[in-house]
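Note that the chains are named A, B, C, D and E in the order they appear, and that numbering of residues resets to 1 at the start of each chain.
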Amino acid sequence: MDISTILGITFGFGLVISAMSMGGGLAWFINAPSAMIVMGGTFGAVLINYPLSDVLGVVGVARKVVFQKEQKVEKVIGQLVDISKLSRREGILSLEKEMKHIHDPFLAKGIMMVIDGIDPATLSKILYTELEYIEERHKLGAEIFTTMGNFAPAMGMVGTLIGLVKMLMMMEDPSAIGPAMAVALITTFYGVILANLIFLPVAGKLKTRSGRELMVKELAINGIMSIQSGDNPRVLEQKLHSFISPGERKSIF
Amino acid sequence: MDISTILGITFGFGLVISAMSMGGGLAWFINAPSAMIVMGGTFGAVLINYPLSDVLGVVGVARKVVFQKEQKVEKVIGQLVDISKLSRREGILSLEKEMKHIHDPFLAKGIMMVIDGIDPATLSKILYTELEYIEERHKLGAEIFTTMGNFAPAMGMVGTLIGLVKMLMMMEDPSAIGPAMAVALITTFYGVILANLIFLPVAGKLKTRSGRELMVKELAINGIMSIQSGDNPRVLEQKLHSFISPGERKSIF
Amino acid sequence: MDISTILGITFGFGLVISAMSMGGGLAWFINAPSAMIVMGGTFGAVLINYPLSDVLGVVGVARKVVFQKEQKVEKVIGQLVDISKLSRREGILSLEKEMKHIHDPFLAKGIMMVIDGIDPATLSKILYTELEYIEERHKLGAEIFTTMGNFAPAMGMVGTLIGLVKMLMMMEDPSAIGPAMAVALITTFYGVILANLIFLPVAGKLKTRSGRELMVKELAINGIMSIQSGDNPRVLEQKLHSFISPGERKSIF
Amino acid sequence: MDISTILGITFGFGLVISAMSMGGGLAWFINAPSAMIVMGGTFGAVLINYPLSDVLGVVGVARKVVFQKEQKVEKVIGQLVDISKLSRREGILSLEKEMKHIHDPFLAKGIMMVIDGIDPATLSKILYTELEYIEERHKLGAEIFTTMGNFAPAMGMVGTLIGLVKMLMMMEDPSAIGPAMAVALITTFYGVILANLIFLPVAGKLKTRSGRELMVKELAINGIMSIQSGDNPRVLEQKLHSFISPGERKSIF
Amino acid sequence: MDISTILGITFGFGLVISAMSMGGGLAWFINAPSAMIVMGGTFGAVLINYPLSDVLGVVGVARKVVFQKEQKVEKVIGQLVDISKLSRREGILSLEKEMKHIHDPFLAKGIMMVIDGIDPATLSKILYTELEYIEERHKLGAEIFTTMGNFAPAMGMVGTLIGLVKMLMMMEDPSAIGPAMAVALITTFYGVILANLIFLPVAGKLKTRSGRELMVKELAINGIMSIQSGDNPRVLEQKLHSFISPGERKSIF
């Protein structure tokens, strides 16, 4: 599980909740109609905004944020250098027996096409198209969370307006105004906190993750093209190292 | 009818309205002048903003959101692979008799031009120009709804300011202040809810739909160009599969 | 005169003003210092922001929004097809006698250069540069209105702050607070309504119009280049039809 | 001195200040701590945001807005046409004696390189790189003013919050609340007015000016390249005229 | 240490704090739960938003803002001109002995590849890829600070809502309302001041610095490519001078 997500949730909610419970019960902050408006309104708006399949896919996406491990870039570079050496020593067709050690399906597809003898322009076109549409699908996940992060505070405002209108309509009892207004504000509170501690940060992490994954994939395309054109493994390594920071580079030569 | 739009409307409005009716009549939230200002102001601003024909076109566009079915990508890929096979087996002119099975006018136009022997550069130019201007027209629809989503809350604010000015001008009777202010706030409420439960989500769905449709069209262009250049149907399928996620890919080889 | 602009103004202002006059005099909403601050501040800011010649040009631009008729796309396509036919039948030099029927100066300039025998690369460069700078000049008009739409509510806020400070400074008489605060709010009201019913919608219409005009010009460039390279009139028509929606296409073949 | 800047300042501040002085002393709006917070905070934030040399350079930049005259485009075109004629009549080396009449250092550098016989690709690369980095430096000036325009209202809010906290902390005397709150609002007033009547409009004018200057420079590059390749002066004029509106074009042929 | 950062902090915080302490104790502005909510919430949200390694890297990034010295552009140009001269006089391999004087690792890598005889296209590809990913990593630093600058005021609002709800829930004692509301506002105050005097300006400085560094690196790539292709050192100098303003140019010829 992703350690920074756990830390962030613990830290963020921990401090906010402990501040809420100081000098007053947490129960003051629980209000069913407020939750109904913010949740119902936000999910309603998102359902109108996106096809059902995309919205349901978000559950899987959110799980990915918390549980999926990242590919190690150095490992991918190492593997590509090894493949490159093998290919220069024993010919491109010898890569066939290496295929079972390649677990990343994107890389495997690319190497398979090299073995199949597909010409470089077509190969590059296919892999870059694939990259582009992976990016599109990643973007959609982050975008849905960003959309939720935009609708939640607006729905909070809707709820607060509903509460204020009700309060103002029956203002005979001045002593009831305080608590009524408090309840009205709770909807805004829900909207702001959901947006800023859940929806927007998750959207942010999806973007960061996607950026990292796409970089590894672009690096892989560069490696595959280099292997196909029979580059020297040293040059290949140098090419791929330019994708990562000097501190991460570990040459095997 | 698009299931997620129905669900979204039911869910969103259902919960908001039930929260509104708790502990008070829904009638409190009905106010004709508020509706006049928000609706009148928003449509007025949109009419100044866009030519009349574009605004009227929005009705059709909104209907499309709710009723139109999406093209299945796999079906389009399958059809292109079939055409490719036929073309390689019996020559490009044999596609003429296949034309009656192609129902998508964009695809039909492309294949027709291949049969007519138009050169690849011109063909690609024509189809991409068409794609670009389809995108422009789609964008316009989404943009009009976004514009409405931006003007509605501003008009809500205009209405609230009008209400507040009136209230403050005749503040002799303190007991009337509460209800008067409630009425003032209702205009903002209308503006915010129209924007966030109707205009902006519909704009969002139009964008998502358009993105999907354009992707299918770009895939079709790739397929048509491949058929013209006489690619192997397997390579063609691989090219087109790079547009969709691995889970959706169903090879017919 | 542009019908949707008239409708929009009638509709928008009509409903807002009738809502204002319900249950109170319209006179409550008239306040000279508020108008001075919003108008003076907005025009002052715009004058600092843009050269004088550009600001004065805005008057002409605004008139264009209301009065100018749009070029019909089909007519332009038809004309280009006719020129193309003539050019293939009687040679490019025969276009000279056609020049007097071409009223659009942009199209005329392009055809003139074809007759003058300027090479395609230079021709395309000149026409696209012209297109780019027409776009720049159009953008400036829309941008000035957008700038006014951004400054007006800010100036409204400035006026409200001035009004509030004055009111709070002389708060001895509680009965005067209401009307004083009402006056303070009127400045914000002016700013919001000017921005949302005039400046921003006009900026929007200028953008839409400009987009349409540029599309027609780009179509014209494509046609001119096609005529120069001696394309078949049918292919030329097909090329130009890709700019417009299938419903608008009327083939003359 | 730039007439529209003077007009804008007179107009904007004149009307705002006269509205402030109506029915109350202007002295109400003078408050030293408010000025300290807005000025100090804004300049502090800008100093953290940019290197010292850039911030100091802003003074010169602001002066440029008010005093610098614009290059006349027609004059530049005329000069380029003259150089072009001379170059075709007497050869490129004859331009050497023309150098003393070229006062614009950018144009002079370009012509000098033509005389030095630098190849077109290198020449174009050097001039476009120079253009790009001139643009970068211009952008920085406008950006600093925009940054100030963003920080000033935020600092105004900081000051208002400080004032409100102080007021609420010592609320024993109800009669002091009004003036105390007025003082609190003055900081927001300062922030909003500085941003909207000074910082943002100046940023806007820098952008407009820069756009105009860069256009003239790009036109100059086109002219220089044309002279080097020995274009006909008429074609050169036509090329350069495409940068400006038809109304500004004065052919010398 | 970066003088403008020190000045900015002194200036900004100095004036704000002295304004805070006028007519009231600074102690009024110290509130532990407010600090907990703003700090905890902001760091929590950032931890959910970014991988832990990136967040920890921010500490180093922030230090860099204050302590790192900038590369002098003229020195880099001078060094490249010297290398160019040496290379033309004694051949490319003679650069080997110059390597120990090149301290910038990016430049050193480039020159090393020139000595190794890597072909220009590959060399350019490798260096530009490296540049692109350096830019990505720089952007990440600035982006994290911008994200903190966006979350801090939102968390301030969360805290203020919590405070208001509590206050309204126990409104029996009117004399306690003032101070309770003051405390509620302090959280917003913290959020706004952290965002506008720390997070956003630091993000801004990281961007400015990064831009400068990338410009020097791009200039270096141009120099390296020029050396490889054996350009005249004068032309090389002219090429590199186009990156900087005329005032900074010091020719050594």
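Remarks
Basically, contacts are C-beta pairs under 8 Å (C-beta built on N, C-alpha and C of every residue); 3 or more make two chains touch, one makes a residue touch a chain.
The structure presented is a predicted model; accordingly, all values stated were derived computationally and were not measured.
Counting only chains that touch, the fewest steps needed to get from subunit C to subunit E is 2. Subunit A and subunit B touch with mostly distinct residues; of the residue numbers seen at this interface, under half occur in both copies.
Annotation: 24 Å between the Cα-based centres of subunit C and subunit D. For the pair subunit A and subunit C, the distance between mean C-alpha positions equals 40 Å. Shared interface positions of subunit A, i.e. residues touching 2 or more other chains, are not present. Those residues of subunit C that touch subunit D in the shared complex are 33-34, 36-37, 39-41, 43-52, 54-55, 105, 113, 118, 122, 125-127, 129-130, 133-134, 136-137, 140, 147, 151, 154-155, 157-159, 161-162, 164-166, 168-171. Interface residues of subunit C, counted against subunit B in their complex, comprise 2-5, 7-16, 18-20, 22-24, 28-29, 70, 178-179, 181-182, 185-186, 188-189, 192-193, 195-198, 200-202, 204-205, 208-209, 211, 215, 222, 235, 238-239, 242-246.
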